[in-house]
């Protein structure tokens, strides 16, 4: 289905470009996410989130005096930097997008930033690239993210585990930049806090057999197994194999593992396991959920709220600079995201655009309580989840 | 008691998975080795042949499931397996007719056939993705465990648990049956004997009145059966994903070569060698050693020879070592 | 000059050469005959370095050359041809000859890039020499034909021609007449005799055609079952009881050959 | 049709395809295809050297391409001084120690006569050496990887000037070739004695091992954490966009500065790559049409006869294996330069080994011109079959009702046309023009 959506998006953009000149004012925003690849089960909701914000703005007619916002999708594949760059290249040079909402995975995000966005001077706001390395990447002020850095997630994970009295964990991570980066960050934080990581071992995605990895993990032991992987990929394989062989029965799931698939694949077998993914209990989150349900997609999906916020920030910044040129509005992103100003929640984008037009400050809170710090990344809010009765639910916000 | 715990832990995490994996590899390697023996080339399309056979089986499984047919505790896929084999045979015979036959008649060099099989690999790769898509497909149903960890612990009172999955049991049983049938066929039937004769000496076999096209046809049919069985067992035990099957080609080749290309016995030995070494070299022996050794000798570290990161390199390192010392494999295979 | 001392070559349990000893006099054309499976070609392969003997020694002018690889033997002046013609099929006949001489400066990559003048000079000389050889063999019209497309006999000639591109001391010819028509065989025979006389080549010839052997070879060595049975002129060999027995044992066809 | 006309026509076709892309899609896309086409052509040249000239069946191309990429990081990145201080020496000592173990073991095997004593000595040496090596190696690696793992955590490269010294990346190209050549030497020494199919699988396996090492040795090149932002030999677009002289020139051509700068940078790369391709092509061409090439073809045609004619087949195979691998290494370094990053996770045999084989076979093995043509043509197809497949599927399904499952499925599957097409092209060429589009003369 997801590929069907992509295909129609692609056709839409073909016809879209043909008629582009006919339309009075059109703002194109690239949505580059891993519609295929390890994150393919959570990206549809992310794309829908971003497009929800765009539809809202288009309907309001308030952006740059009635501009229409068009979403153009590109596939980042999440892992293949070459393919991602070429998709971004196409969106920027051929479809002439004004900004990019994306990408999702840290590796491809870095690649697109360096090879496509910076050369062309295009603003990029990622909803989910969490690698700490991106904090210090050269970006000419073009790159932002509404997701927190994994350095932050490592601390949150440590807190959650310690609150539950877990002192010893085994750790496995998907063997790519996301998994390795998160594992490093977590291990450092956990050990600093006095915990023990009995073993940190990688698993390759897409390899169906994980008995060797699980054997090593089981041998090292631990009160829980931290699975820094993807729910659509090896992460699930590890969990499956661990449950089957009785190696572990308690798991910790970081952001890449939290998804509907987890309920489908395991259900009650995971009762007692826990985890966390970005999210807030702000009133924005609830509003977003309402909007998402009305629009017919799953608003609780990981990074869907962040995607809405990323798209919203792009459009608000455009209005603040009164320009759809990245060079002009890149400096406005931080202004609209942070205080001072009137707080803006999902569904209030029209109001925000009007305020900005009238020269007033806004402080965009959005669906994920956006607060951009330092080099333009989210300060980081997480929701802690726990499995009970065969599905996970949020029990606490951090 | 501790020794028993050590043995159970070892069985649960090393022996049982390795035996199941080894059986799957051995079945795959048998297919590769038969093609090499009779048709005299390394078939790069074998992984994708497995994927194709499995895919047909999965489609039939879904069909049966939608009709409400099931085998109770045993996976429905076993019922669909014969149809998968037939589908795979049809594809291979078709491929042979439109692709390989031409080169056979031309007496093309073996390496040309290898390159041709690369082309076939690309096409099958695309075909399978085209039909079923590139995603994971789970099609196992029925009872999940023969023995689950909890029952085992309750039964024995041991600290360590032991799980035997239904799919693992089926894998081993099926593999034994298939291998026995294959060896019976090769050694006891007229056709099988003529195949072996053809494999040993093509010219001599032709003189003694063997119809080569018939031998080739039967080879493809057997290969289709082996590939489909191997693929379905692998898919049941783990999951089906076209890309994984393509990747499976590498350990399968390693198995066939370690055993010696063209030698069916070698393929089986190779399959288990690769499977066991992959699991054992990267296994952290801490737990087993902790039970088996007196406390003073128990290791502090993980007692792991190589990190699991290098799991996939292990089979090739073994392959290289074997080739260095026995250039035609353990069971002295052929080389053309 | 070449002394073969008690060579054994076993393949598993099969003793292809079982204690063969012989010596080859410089300047001679030695014929090596024997029934099929007598171990002639295996012995050839051992001497030419393709196979390592299980035991035994081969010396050349007193130097131990046992088990040296063929390319080293080539540079010592020991050349061979093959039972089934081993032509370089995708190359022209002229190229087949031109590739032979060793130590061509054009065989060093550096020179192919930066020493083109020297190569050009050498090539001119090589080409002239190759054409000369083709003429000697009366096949100059084949110079630009692909070697894969000429007849079996012509391939045999070409192989002989390759040995003429360098100053060979000793040349081993393995069934040079197999599959060659009578006319061409005569041409080959003439060429061998001329090379022997004009250039003082030493030849060792494996052959089944007794007419051919009788015409050019002296002495003749007969092998059977991996051993040397007899040595002498062809007439002496034909009269030897052991030889007749050995041939008789393998069937009438070979007996007729001996009788012929 | 005479040969020159036919070849010119084939290359003209490729030019038309690329230029057509420029008109129909965008010039940036066209140049993107051109640049990767140039790199693919170089890889095909390397494989052609091994297969077309010498008949060596190497399916480990991916490994050498990856080594070229590794060289780019090792040469062009600035060194991580803290990491060097923390564990650089330790790692080097450990590696030397490891190498010494192997050398000593080899010497023992050579010098001692076979027997149980030798076996024992060898085992003791190897096992003891392994533990000493690990004891030296592991702590140093841990110290290196502890240094700011999020952005460095590795030794870095040899470029003291950092991003300002972008030209260092050019140095990395030949170094990539040398690195690949060195590894090819080791592999060739051990594996070239194997017969065709065994050699093929052995090289396939070795390539996987190389990738595994690159993925997991973080101290060397950050492993799967990737190295991004490699210094580059071409100017940065962003700098061009703020360079008054460039802006003026762009304006005089009537182009907007962003498009002008992206196209200019791609042209710079295209120029650099073309220079490398031309140099390698000329060298390969001269080698092929020389006594060396004649000798190689003789060896390929008949190893036994060449050996009997005094050619050292083993040494020549090793030579050509090293050369071909080195060329793949150079191409790999160039590709990593163009990507601006090293991502070991993206090396897949399908893309970096088998696709290159398709290029060589389709183009014409044994003919350098053919290999180059194959490189461009197959790369073009690889990139463009996907959109073409989509169009085809849309054409096929245009009669169906929207949302019908079959239509959805067909359109969804369009992406897989790519693999099908590659296989089909390969098989058709093998069948009807077995010696490729531009066959060996």
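Which chain is which? They are A, B, C and D, in the order written, and residues in each are numbered from 1.
Definition applied: a residue touches a chain if its C-beta (ideal position, glycine included) is under 8 Å from a C-beta of that chain, and two chains touch if they have at least 3 such contacts.
In UniProt terms the chains read A = Branched-chain amino acid ABC transporter substrate-binding protein; B, D = Branched-chain amino acid ABC transporter permease; C = ABC transporter ATP-binding protein.
Only a predicted model underlies this, so the values are computations on that prediction, with no experimental measurement involved.
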Chain whose Cα centroid lies nearest the overall Cα centroid: D
Where chain A and chain C are represented by their mean Cα positions, the distance between them in whole Å: 76
Distance from chain D to chain A - Cα centre to Cα centre, in angstrom: 33
Euclidean distance of C-alpha centroids - chain A vs chain B, Å: 39
Interchain centroid distance [CA atoms averaged], chain B/chain C, Å: 49
Per-residue overlap in chain A, given as positions that touch at least 2 other chains: 36, 175, 202
Residue numbers of chain B (touch at least two other chains): 134, 307, 309, 312
Per-residue multi-chain contacts in chain D, two or more chains: 215-216, 412
Interchain contacts (touch definition) - all pairs: A-B, A-D, B-D, C-D
Chain A residues within the chain B interface of the complex: 36, 40, 175, 199, 201-204, 206-209, 211-216, 218-221, 232, 237, 244-247
Contact set on chain A toward chain D in their complex: 1, 3-4, 7, 10-11, 36, 79-82, 85-86, 89-90, 93-94, 107, 110-111, 114-115, 118-121, 131-133, 135-138, 140, 151, 175-177, 179-181, 184-185, 188, 202
Chain B to chain A touching residues, read off their complex: 9, 12-14, 17-18, 21, 134-136, 144-145, 148-150, 153, 161, 163, 165, 234, 238-239, 241, 243-244, 247, 278-279, 282-288, 302, 304, 307-309, 311-312
Sites on chain D touched by chain B in the complex: 55, 57, 190-191, 193-198, 200-202, 204-206, 208-209, 212-213, 215-216, 350, 354, 357-358, 361, 412-413, 416-424, 426-427, 430-431, 434
Contact footprint of chain D on chain B as seen in their complex: 36, 41-42, 99, 102, 110-112, 114-116, 118-127, 129-131, 133-134, 246, 250, 253-254, 257, 261, 307, 309-310, 312-313, 315-317, 319-320, 323-324, 327-328, 335-336
